[in-house]
Amino acid sequence: MHAAVDPLLVLVLLLNFQLLGTSRLRSVIFSSAAQGVLLGVMALLVHAEVTAASVLVMVSTAVVKGLFIPGMLLRAMRDNAIRREVEPRIGYLPSLVLGAAGTGAALLFAGTLPLAAEHAGSLLVPASLATVLAGFLVLVTRRKAITQVVGYLVLENGIFIMGLTLLEAMPLLVEMGVLLDLFVGIFVMGIIINHITREFSSMDTARLSALKD
Amino acid sequence: MSPHLLVHWALVLAMPPLLLGLATKTKAAFAGRVGPPLFQPYYDIVKLLRKGSVFSRTTSWVFRAGPVVGLVTAVAATGLVPLGGHPAPLSFEGDLVLFAYLFALGRFFTVAAALDTGSAFEGMGAAREAAFSALAEPALFLALVSLARASGSQSLTSMLGCGLANVWAHAGAALLLVAVSLFIVLLAENSRIPVDDPTTHLELTMIHEVMVLDHGGPALGFIEYGAAVKLFALGAIVVRVAVPFGTNAWAAWGIFAAAMLGLATAIGVVESVMARLRLVQVPLLLVTACLLSGFGIVLVAR
Amino acid sequence: MTGLSLAVGLLGLSGLAAVFLNGSPRLATGVAALGAVAACAAGLWPAVSVLTGGPPLAMKWVSAGAFGDFELGVDPLSAFFLVPLLGLGGVTAAYGREYLLAYQGRKWLGPPALFFNLLVASMVVVLTARTAVLFLIAWEVMSLSAYLLVSFDDELPEVRRAGWVFLICAHLGLACLTALFLLLDQHAHGLSFSAFLSAPPMGAGLSAGLFALAVVGFGVKAGFVPVHVWLPEAHAAAPSHVSALMSGVLIKLGLYGLLRTLTFLPRADWWGPTLIVVGLSGALFGITLALYQRDLKRVLAYSSIENVGLVTVGLGIAFWGASRNLPAVAALGALGALLHLWNHVLMKGLLFLAAGSGVHGAGTRDLERLGGLVKRMPHTAAALLVGSVAIAGLPPLNGFVSEWLLYRGLIGGGSAFGGAGGVLSLLSVGVVSGVGGLTALCFMRASGVALLGQARSDAAAQAHESSAWMTGPMWLLAALAGAAALFPGRLAAALAGTIGQLFGATVRASATAELSGLTRLGEVGFWLWVALGAAWVALAWLVRAPAPEVGTWDCGYAAPTSRMQYTARSFSQLFEDLLPSALRARAVLRAPRSYFPPAGSYATQCDDPLTRGLYLPFIASWADRFARLRWLQQGHLHMYLLYILVVVVLALAWVGWTGGVPP
């Protein structure tokens, strides 16, 4: 594994904080996009040697996560004239502190896991757990449908990082499958966003509770 | 006195205002202006030292103690910093605590001097400075402590000495976090954008500059020079963490000086491309800095 | 031991004499104060000799029948607490006479003088008692005399309330301590400390229970959160020299009791982290509350909670290091804790005396009504500033030295413990530095608003400096605080015996090895003084021209008034806004309503959030339930006598049923 992977993972963690601490929707989307690109680069570096397959994974990951999905979200923002504030349920400072506590817990917890020798010292597993937690946090604490999408995206990024530890063993197919899954998920979300907007002329998921009766 | 010590003190005493000048020049370049001369801060300080003084009748000896303590603590703090990896003039186990607390002492008296004027305006600046630095202090401490843990020593000289390059090799991720956190602390402690705006005195959003409104003449000169030295001291640590190259050779001095100039330019760039944060968001930034260094610690010590 | 017996006797006799001389207040307070100063001087000698390596002292006082002999003794641990007690006791006695004389003609001054001497004497006995029964008796006398002193201004309802809260808390604590010593008695079959020490090894469960009882029971006195609620009330209510003695020494006796008890128990691995967590939470809570108090003395009281927390953190490091066999770490923690305790005696004594002098001169403790005292009370203001800088832990004063040791202990522990313990220790550095930053903020606010700028009320504008009898003790303590920072090595050398007794010989050896570092720090402090002096002279030289006297410029505002100054409340607001709402000061707003509104009002209440949110609701809910028993309260004397008869009969029946009185 390349020595640059750990610093890149730290950048991923920093982007998690950026996601949790920022009040601007665009900045949330850009952070998730940057995470996607970083993951693509990492997929290349984790491999011992560069093969056509790994380059394919890298390029497709970077393009889908870093360009296509964020582009779609930005377009959704523009088309639906979504306001640029994030509208969290809890304040930014508590989100940050929760995210930090989660990351700390992930780091300590990963230390207790029986990992393969080559992953024991690396940040791959704790960063993956922390990113999944950050994704959940975004999903739980943000009101807008579009931030929900970003939450899923971050969640999936966490799972992807975990997948990097298995890259030697895991067939490329599974990885592409995950990517496809995500793509379909986002696609469905996009449609839902459009529907919510049309029905309620807003994107606040809290309005969905009006559907329950 | 060894020649390296001479260079140390020469840099400490002569270089700080240049950093301010360079940052201002960079901002001017971004704005498409010529800007004031590079050495303008020197001219300002010399001129201030030769001017007369006016003291309000509300003030007491505390008002004069502010600039004195501010300058002395900043210069004393630079005595603990190994510039470019050369051993600092004064170093002992635990001097990192003294380093941080010297700034706190200077701040105590700067704030007291501001309150001594009995002005609401300066009281406001004092309250902000005190509150924000109370949040910046843990960030600075945690950053220094993770360096201490990574290097296994509690003195700045060995923490930031030649071994730092090795620390980058095995704990690079942590050092990256520490460097970012220290940079945020540097901006906050030296009242730069995005926390404070060093160029204006007259907005209600200002922090440091509003505290020193009533100072004039030599006292203001002390304050300006002290502020520059403080920027230098904290900057030297940031620069050393970010550019840990060079062994105890003359080349290291060159690398250090160049890196300091680079830092001043970087500050200018940050100030040109960023807007000042709303006041209520500054604590968020500082808490983020604390969290970053906290992670540095978890990464180093787990 | 003669010196200490003499001291106790002198204190008692001069106190009684003061009561008999009540008719002439100057004479009565003079006799009592003279007696106290002489007693403290007499007692200081044996304490210092034990501390500096002399043999421990012991004597048998009286035989108390079934409770065994009442033994007294002085070992390094006792001497470590005796020295500040006797030192600060003498200083505050001299100051207190002048402070009390202001009440001449309005109040009897004999009784408070007696209670003060009684307080000092009972604390001496607490520290020298070597039997649980004598310890508890002295502990109770100490609490009662402190209660009587706290209630000095008993015409004020808040003072009476503070006294009650203090009395109730003290007795809840006493209940825990009684249980603690009874359990120890049961285990060791004896009530003397030597029996506790020579008892057979006890199980982990019993030991943990006793540890918890000691932390709670002694923690009430020491001001551990959440059992601190009496502390701010009592310190604010008491006369200032009593507040100084209480904050300086009385609450430290809680730590003495805890340490003494821990010497009886087998050392456990988890003590260290537990004490660190207790200490950190106390420090953080105390300083957070201190930040927004309006009452100057309440600021100081909450800051005492913070400092006791820091000392506890140091003790935690020491126990942790000792149990992990890391003597270097343990030595740093122990040195830091013990030195900080002494330093806090100096700093907080100084601060309370200065605050008392300010209250005396300006007639109010309310920060929003003080201001500008630096002009009218220069000595008091300088003393309060010195105390503020010292307690904020800033160099070159003594608070810095002990905080420096605590930091080093935590950082060293972080490197040595490894794993989660190391991370905890290193992250604690962040908390301690946060506490340090907030302390600086808190005391910038307290001293800045009270002393600087313009007077915020007429009373403050007409403040007058106190007499030399009050400023003298302050200057003495300030000089000692400066000296403690210049010669920390020599001061810490006196701690070796205590450290050895508490943590063993290896830790003691490591502590001795640390002394050179402390001496070095003292030298650095000296050069910092020199540099500050030089820069002061340089600025004075540069400001040659006589400065024209003008008003504050304030961006050209023509007529600033004292009401426009930044208030204490607004100074702390930025930070207060970051707090969870449960911890903030409570705003009480009576908005004007209707077309012809009566006067509206807006006030802030800085009462303790735990009293407000936890204890009062709890007590209120139980008070409701107990109200159902009110029919028992008939108000007829014969009914109460009947109750007593019923209880006696029931007790006799129980004894008879269980088979007679045990021999």
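As written, the chain order gives the labels A, B and C, with residue 1 at the start of each chain.
Everything below uses one rule, namely that a contact is a pair of C-beta atoms (placed from the backbone, for glycine too) under 8 Å apart; a residue touches a chain by one contact, two chains touch by 3 or more.
Since we're looking at a predicted model, the values are computed, not measured.
Engineer: Which chain, with its centre taken as the mean C-alpha position, is closest to the global C-alpha centre?
Structural biologist: C
Engineer: With contacts counted as defined, which of the two, A-C or A-B, has more C-beta pairs across the interface?
Structural biologist: By number of C-beta pairs in contact, A-B is the larger.
Engineer: Any idea how many Å lie between the Cα centroids of chain A and chain B?
Structural biologist: So the centroids are 36 Å from each other.
Engineer: Could you put a whole-Å number on the gap between the CA centroids of chain A and chain C?
Structural biologist: The computed centroid separation for chain A versus chain C comes out at 52 Å.
Engineer: Quick one: which residues in chain B touch 2 or more of the other chains?
Structural biologist: Within chain B, the residues that touch at least two other chains are 283, 294, 298, 302.
Engineer: Scan chain A for residues touching two or more other chains and write them down.
Structural biologist: 93, 108, 111
Engineer: Could you tell me which residues belong to chain C and also touch two or more other chains?
Structural biologist: 419, 423, 578 - these are the residues of chain C that touch more than one other chain.
Engineer: Give every residue of chain C touching chain A within the complex, in rising order.
Structural biologist: 419-420, 423, 578
Engineer: Quick one: in the complex, what on chain A touches chain B?
Structural biologist: 3, 6-7, 9-11, 13-14, 17, 21, 92-93, 96-97, 100, 103-104, 107-108, 111, 123
Engineer: In the complex of these two chains, what residues of chain B are touching chain C?
Structural biologist: Contacts found on chain B: 49, 52-62, 64-65, 67-69, 71-72, 75-76, 90, 92-94, 97-98, 100-102, 104-105, 107-108, 111-112, 115-124, 126-128, 130-138, 140-142, 145-146, 148-149, 152, 154, 201-202, 213-214, 217-219, 221-222, 280, 283, 290, 293-294, 297-298, 301-302.
Engineer: Note which residues of chain A are touching chain C in the complex, please.
Structural biologist: The touching residues are 93, 108, 111.
Engineer: Applying the document's contact rule, which stretches of chain B touch chain A when the two form their complex?
Structural biologist: Touch list, chain B to chain A: 169, 172-174, 176-177, 180, 283-284, 287-288, 291-292, 294-295, 298-299, 302.
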